[in-house]
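What follows is a pair of complexes built around chain A, which joins chain B in one and chain C in the other.
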Partner chain A sequence: MFRLLVEPFRDAYMQRALVEIVVLSALAGVVSVYVLLRRLAFVGDALTHTIFPGIAVAFVAGQSLFVGALVAGLLSALLLTAATRIRGIDHDAALGVLVGAFFSLGVVIVSTQSSYTADLTALLFGRILTVDTAEIVETTGIAVGVLVVLGLTHKELVLRAFDPVTAEAMGYRTLLLDLVVNGLVALVVVAGVRAVGTVLVIALLVVPGAIARLVSERIGPMIVVAVGAAGLCGYLGLAASYEASLNHGVRLGSGSTVVVALTLAFVLTAALATLVRRWRRRPAASRPAIAASA
Partner chain B sequence: MRVLDQLSSPLIRRALLEAVLVGALCGAVGVHVLLRRLPFFTLALSHATFPGVVLAGILGVSVYLGGAVAALGLVLAVATIGSTRRLEASTATGVALAGAFALGVLLQSAQSSATRNLAGFLVGDILTVNAGDLAMTALFGLVVVVALAAFHKELVLSAFDAIGARAAGYSASRLDVLVLAIVALTVVTSIRAVGTILSVALLVTPALAARQWTTSIGRMMVLGAAFGAVAGVAGIAASAQWDVAGGSAIALAASGLLAVTVAIQQARSLPRRLGFT
Partner chain C sequence: MSVRYGRDLALDDVSLSVARGEAVALIGPNGAGKSTLLKAILGLLPLTEGRVEVLGQRPEDARERVGYVQQADTLDAEFPISVLRVVLMGRYRAIGWFRRAGADDRRQAMEALAEVGLADRAKDRFGTLSGGQRQRVLLARAIAQHAQLLLLDEPFNGLDATTTEILIEVLGRLRADGVGVVMSTHDLAVAHLTCGDACVLNRRRVAYGPIGEAITPGTLAEAYGSRAVQLASGATVVTTTG
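Now for the complex of A and B:
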């Protein structure tokens, strides 16, 4: 057990990967609960794709990828918020169009370069094992900023999620609140995409919140469960991919192993939740005395 | 136009034909995707075909077969997760999407020739389309068009008035499955041309452009197919002209068509909005 869970993290690069995963899990775990409440799974996925042209332009121009992703992320959050407000055009359709236009623009830009395939692959699937200290600092900075904004606007965001009409009537600007949420999701994508790739980012934005929702209906506990589940699966996924790659000769990509761990955790939680609900629904007479009196 | 000079090359001719077929098919099916608000599901479907395509590559079987099996798996997974009631449809779709895509990457990374065909699967590789692919596209397209024509009335009725359709004796769940199967088949068909990620662009954008011109579903489908085909030709021409990725150029051309459409509509309604009429 010790060998499986501790030994992989003796190397500095594995430690850095672990720190990055844990910071991202804390960040994305919290945000995923808001994504769930506001049904923003599609927006999150759209943002992972729309950020691509920014990275592509920065890559071709030789500028900082981080800045490119940041600009494209915030711009697309703005466009997405605006697009979901246009009358006569369905939200989902607007998102689909934006995804197609932005992502293909990115591919067209990158395809003018010779190292096309490798770059695309790195962007989509990340390189978490080569994360350096500067990237961890950037991720941590974004995480702190996002968490502070969420702390300040939590009450308004929850009100907007559950009762938009009342929020509007009370004088809150729902457009501004929507912009805040979409901007925060974009920041999470920017923080994660270079290190862990779009695949892991979208998983971190959706699955922890879904797991938490199966366990609790209250927002506080949901946030705790989501962060815990994301962090634990990140840790186990890294350890599993290390073990498989080094000792069993099966090369498992670290980022995707983490996502598969998250998905498995979701399936297990869903199965357990179903069992518990069935147990509770049984008539009192057929339960053991202790359960009936509880 | 470099594409005109290259017309003698069978490579370009096949790519053009494939682009027109896939564009027209996606444009027509896209109208139903919009009617039933399925764009997110389509995106999930396109991501989920990825593990199937990779697995098919590893096992050496048909890419279409692998994609179709994976798409079927996704439909089942979304239905199962969605039936737990505590999670609504978009979350269920998101979970299934992330899991399926990661599975594809994992399968790919376990392969020794890791990044070999990855970009091709993801963003398409239309210039390498062969006669077999073309025949497959034509066959799938024919099946989809026949299904759409045969069930047109039922599909439109159940999209606009699900309760009315049920009252009229149609099985709503069977029609849902039919639509999902049609969309899945279309996504699988377009893998070779535009890849797993960008098929959503062709399934949404031309249809949305068509919807700005007409309210009749039948005309919208014809117009959507025409827009899709035009985007296909324009994309291949742009790809030949500036040497950029073909599948993405097609998706971008579709976006351009939509932008032009919206601009024209805005200009036409300008006098009315300014109070001239």
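Now for the complex of A and C:
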């Protein structure tokens, strides 16, 4: 057990990967609860695509991909929020149009270059084993910023999620609150792309919250569970991919193994939650008497 | 005031006023513009013509002092939130941005819950309550807000007798404290019990005034058309489907 869980992290690159994935998981875990409450899974998915042209432009210009993704992420969060408010246009359709436009723009830009294949693979599936200290600092900076904003606006965001009509009636600008949430989701996507790639970052934004909802009916405990589940799965996923790659000759991608771990955790929790619900619904008489003498 | 949705005239030159401690019932069929009128009072809809003044201010500026109670079944029953948290929302404007609810806010929320008879359910999840209890929670939220004008959108639709009784009692108490009430409803009996005035609507104002004069077989027939049925006893009943 020690060999499986501790040994992989003796090398510096694995330690950096572990820190990156744990920080990212904690961040995504918290945000995933808000994604669940606001039913923003599709917006999150859209953002994983709309950051692409930013990365493409940065790639062509030889600038930091992180900054490119950040600019495109925040810009598209703004557009996505505005698009859901246009009267007479279906929300889903507006998001779909934006995603298509942004992603194809990225492809057009990047295809003018001949050497993009390797970089694109990293973009799609992440490259957590090569993160350096500067990147960890960037991720941590984003995490701290996002968590501070969430801490400060928590009660208004929950009100908006639960009862948008009353939020408006009370004088809150729900457009502003939506912009905050979408902007934060964009930041998590940008932070997560490097570690697990655009395809899988959506799992980090959706699955921890879904696991937490199965376990708790209150938002505070849900956030704790989501962070714990995401962090633990990040750790186990990394350890598993290391073990499989080094000792069993099976090359498992680290980012994707983390997502597989999360998915397994969700399936197990869902199964357990179903069992517990059935148990509670059974009439008391048919349950075995635990304290028969009492 | 007049309000247009695209080409449709949702409200055509409707005017009414509510004094402190007074209550006006908005009576009319579905689609008559009752909810539109309430939203216009909240300043959530642009007016085509006319103006709205709330507590001496523009509606946008008065929202903190206006309580809005919608039908509880429009809210997600699966949402992970406790009854107390829902009531505390009524305090959010007073608490302000970036701050958490304090002990005093909790006390006021608990008092509001006690007033609607649900203090013992404070920790339960909102969605586990019955429809009538959820409606009472939303009323408690408006009480905790200490609103001076209360707008209620069909608060009595399909409710149990206990809830109806508590709503009538609480509305009476709020009016005695000087709170103005505007309430849309299909329930003519409840309207008589809670409101002094009535405004019968069907996109335009059919009748307005003291409830006994505004609600007559004639005005109901005009607003509801064939759905207002005159009984042999001379009374009129309105058949509603929504």
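Note that the second predicted complex is superposed on the first by the 289 of 294 C-alpha atoms of A that agree within 3 Å, B and C clash if a C-alpha of one lies under 4 Å from a C-alpha of the other, contacts with A are read in each partner's own complex, and residues count from 1 in each chain.
Basically, a residue touches a chain if its C-beta (ideal position, glycine included) is under 8 Å from a C-beta of that chain, and two chains touch if they have at least 3 such contacts.
Given the structure is predicted, the values throughout are model-derived calculations rather than measurements.
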| item | value |
| --- | --- |
| Fit-or-clash call for chain B and chain C when the two complexes are aligned on chain A | fit |
| Partner chain(s) touched by A:Ser104 [first = chain B, second = chain C, both, neither] | first |
| Greater residue coverage of chain A in the superposed arrangement, chain B or chain C | B |
| First, second, both or neither for A:Ala134, with chain B first and chain C second | neither |
| Touched partner set for A:Ala12, first chain B, second chain C, both or neither | neither |
| Partner chain(s) touched by A:Arg213 [first = chain B, second = chain C, both, neither] | both |
| Minimal inter-chain CA distance - chain C and chain B, angstrom | 7 |
| Chain A residues contacted in one complex by chain B, in the other by chain C | 213 |
| Touch list for chain A against partner chain B, complex | 36, 39, 41-42, 44-45, 49, 89-90, 92-93, 95-97, 99-101, 103-105, 107-108, 110-112, 116-118, 120-121, 124-125, 199-200, 202-203, 205-207, 209-210, 213-214, 250-253, 255-257, 259-260, 262-263, 266, 270, 273-274 |
| In the complex, chain A residues that touch chain C | 37, 152-153, 155-156, 158-159, 161-163, 165-166, 168-171, 213, 216-219, 222 |
| Residue numbers on chain C that touch chain A, as the complex places them | 42, 44, 60, 63-64, 66, 68, 70, 74-76, 79-82, 85-86, 89, 92-93, 95, 97-98, 100-101, 125, 141, 145, 151 |
| Chain A partner contacts - residues on chain B that touch it in the complex | 34, 37-40, 42-43, 81, 84, 86-88, 90-95, 97-99, 101-103, 105-106, 108-110, 112, 114-115, 118-119, 122-123, 197-198, 200-205, 208, 242-245, 247-252, 254-255, 258 |
